[in-house]
Amino acid sequence: MSPASKPLLEIKDLRTQFFLDEGVVSALDGIDLTVFEGESIGLVGETGCGKSMTALSVLGLVPHPGKITGGSVKFRGIELTKLSEEQMRGIRGAQISMIFQDPTSSLDPVFTVGSQIGEVISLHQEVYNKSALKKKVIDVLNLVKIAAPKTVIAQYPHELSGGMRQRVMIALALSCSPSLLIADEPTTALDVTIQAQVLSLLKDLVARVGSSMLLITHNLGIVAETCDRVCVMYAGKIVEESPTTELFDSPRHPYSVGLLKAFPKPGERAEELSAIKGTVPNLMNLPPGCPFAERCERAMDKCREVKPRMVEVSLGHRVACHLFDKEGDRGDG
Amino acid sequence: MADLLSYIIRKMILAIPVVVAATVIVFLMLYLTPGDPIKSIVPPRAGPDVYEQVRDKYGLDRPIWEQYGLFVWRAVHGDLGNSITVWQGTSVSKLIAMKLPNTLMLMGLGLAISYSIAVPLGVISALRQNSWIDRGGMVFTLIAYAMPPFWLGVVFLMIFAVWLNLLPVEGTTGGLGSLILPAMTLGVGNAALTTRMMRSSMLEVIKQDYITQLKSRGLPGREVIFKHALKNALLPVITVLGLDIGWFVGGSVVVEEVFSWPGIGELMTSAIYNHDFPLVQGSILVLAIAVILGNLMADILYAWADPRVRLG
Amino acid sequence: MMASKILNSKLMSWKMSGGTREQVAGLIERSNKNIMVKIGLAIVFAIVLIALLAPVLPMKSPLIRYTDSVFDGPSSEFWFGTDELGRDVFSRVIWGSRVSLLVGTVAVLFSLTLGLTLGLLAGYFGGKVDYMISGIIDIFWTFPTFLLALALAAALGPSLTNVIIAIGVSYWAGYARLVRGQAFTIRERLFVEASKALGASHTRIMFTHVLPNCLAPLIVWASIGVADAIVVESSLSFLGIGTQPPDPSWGYMLNSGRRFLDFAPWIATFPGIAILVTILGFNLFGDGLRDVLDPRLKGLRR
């Protein structure tokens, strides 16, 4: 990825909120994220920090009672938040695809694999001839390295193994060669032995099709293997963004530091796995300052009062933390 | 398709003990009646030679399992005895064969009416939760459910036949016009139950991951709902189709009485009233078997619709 | 009010005590917020009260025929009018509630006992016992219940007692399945092993562990069961094989009132409304309770 690459997806200050009887939950509190053409970005964070919600917001699939309440999502320069439902449908599946976490529950159990893949292909590529469609479906299944595609076409999701189902999901997502693939925890629900296979398949295909990938996960190991850049997310905000190797070498944000400490690296002996003290803040009642301030060992008074902004600490590496915000320092700390 | 066939065969085999049990229960009914069993089978004012004949034929002096065997043997050959009071002398099976189609028509139309109301109402209620349609639908189901079929039938009778003078009060003509009121009674009553089932099932389905997945592939909302969600949501509704058939049978007995519809239910009630035991016994046996068969068909329908079931 | 303060503090103390009491207390709290439960309970309460107090209420006897006032419409003297024999419809409706409630509660108790016992035995002991009992449960479960009740009532002869027996025998399978399922899951749990190791007898385990877990769904079923029983009783009486005259039964009154719909509709209507309200009350209570127990089951049929 060179600085000259065009941005494919530009998310600026995206806010998504859920309006419940008990109060308003801010799932996304101003996200900035950019995906360039041909690159794979990892989005890491713990459960509940808003990673999946980012993906759903991009695709305009935020479930009721949630809504996008601010910010912009630009795909190839087009403002997605302002598109009509019909226009969005043209983009979903064709230009931006998503793979969900649990392959068991993500496929319609009463339709065959073949008919589900065929449905997507005929929808976006307008192929209606039965035999032509069948050929395309088989091609796609071959692409994801499923053995005996002709048998699989007639099978139902419950007849396949977990790994095969995930391959089918990948096939569905890539069937129309989207420019952007969003993969939400694609290997988490799989057996450890299968995880590596599926992951490498994903990498290959993305490279082959020429898509960009937004990989959402809580597993730093996967990120290390697959992504060019990483964004770390906490309580609905991006707190650090950097090229992968640099993040692992020198994490800046105290949360990222904590994450990496808690993550045992192969070859290193971990004396003890350290956990980050404290718990995630209540998304209904976000504190005025930095959301991590309560648990941060290096928190200053300012952190509790003023939200930090993203600052560039080195080429391509940005952090949202007062510790690195020299200009924001106005007389205290 | 092979797995579907083996499922069907398995289910048919499993239905056999239930049919056997039904015959046992119906057979034993004779011994529950107070007094000497023979009195129930013999026409009133019959002479001693008739008693002899009956005693012989039914083997009333023999051990009970032999009598059961004779009973089954006769039944399989279509001999369910003769009516002793209502249609004296006529073969029970002949009477039943005459009236069964009427009951089947009634149940069929009732089923159609029920599902025509329940499926759309349930789906719309689920999609527009808490809207006035949803709330109205819930009120309707609550009230209609609290009105047993005979009461609902009387109300419809009052409204349509007496006040509005729209439809005939009695069903003796047997034409379609007189079928509507009783079928509507059954249909509306059953719709009360089925609507709630449909609604909750639909609510469950639209929360599922695969629905969001389908949307993320760009499928139009209409297709997601009607092609995918609906098919999945109908599955639990089909499972209760079997229970429904039992309800319809029970309901039609009562409804036929209210509207004097000449079906098996009406036959059975007049038989009970007139102490015509062979007729009662025969009717119940046929109805019970009809329900069991109906259950079987519902099971098969379900397996056809939901491929996951065929293995189990 | 003092009473609610006392109740509240009792609830609080129960909540702290853990175990069954805590569960029940939580249940009561949530039920209080559910409007269906409240309305249902209110209706049930009112009807039970009326039924119990019928003999002492200041109204006319349901059996006396006021031969001068045959087919009279509702008036200040006869609130619901008179029927074809000159009897006071109002008092007949009130007295009819006794029949319905009697049948409803006794039949349900009958089914409950039968179903509980068999279900517990089957689920707890498993193996051959379960196999045999399950077979019987399945047969009664698939056999059309109304038909069975009808057959039994017809065979035994029309009377109130026989109706109760008929309903009781036909509807027990549902309770049995419920309890059996619970017993199955419970007996695999560790605390049952622990109890056994401590020397608890089978009966004791069944009563202290299995039953409390079934309690809530059983109440739901029982409430709806009473409603069902009333439906069956009134249907059978309507057909003439249930409660016999001159005992006032709503179903019977509806049947005899049918013929006079065009000029004396009150004879059939008021019993009908009574049936409607009663069944509605029990259903609301049962349904509301089910929603409280597990909102996911909303609208599901048993």
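Letters are used for the chains, namely A, B and C, taken in the order the chains are written, and counting of residues starts over at 1 for each.
Basically, contacts are C-beta pairs under 8 Å (C-beta built on N, C-alpha and C of every residue); 3 or more make two chains touch, one makes a residue touch a chain.
Here the structure is a predicted model, which is why all the values come from computation and not from measurement.
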item	value
Pair of chains joined by the greatest number of C-beta pairs in contact	B-C
Label of the chain whose CA centroid is most distant from the centroid of subunit B	A
Gap in Å, rounded to a whole number, between the CA centres of subunit B and subunit A	53
Chain centre separation in whole Å, for subunit C relative to subunit B (CA means)	23
Residues of subunit A touching subunit B in the complex	56, 59, 61, 63, 85-86, 89-94, 97-98, 100, 102, 105-111, 119-120, 123-124, 156, 158, 169, 172
Subunit C residues within the subunit B interface of the complex	135, 138-139, 142-148, 150-152, 154-157, 227, 231, 234-235, 238-241, 251, 254-255, 258, 261-262, 265, 268, 272, 275-277, 279-280, 283-284, 296-301
Residues of subunit B touching subunit C in the complex	17-18, 21-22, 25-26, 29-30, 32-34, 142-143, 145-151, 154-155, 157-158, 162, 193, 196-197, 199-200, 203-204, 236, 240, 242-243, 245-247, 249-251, 253-254, 257-258, 268-269, 272-273, 280, 284, 287-288, 291-292, 295
Residue ranges of subunit B touching subunit A (in the complex, touch as defined)	208-210, 212-221, 228, 231-232, 235, 305-308
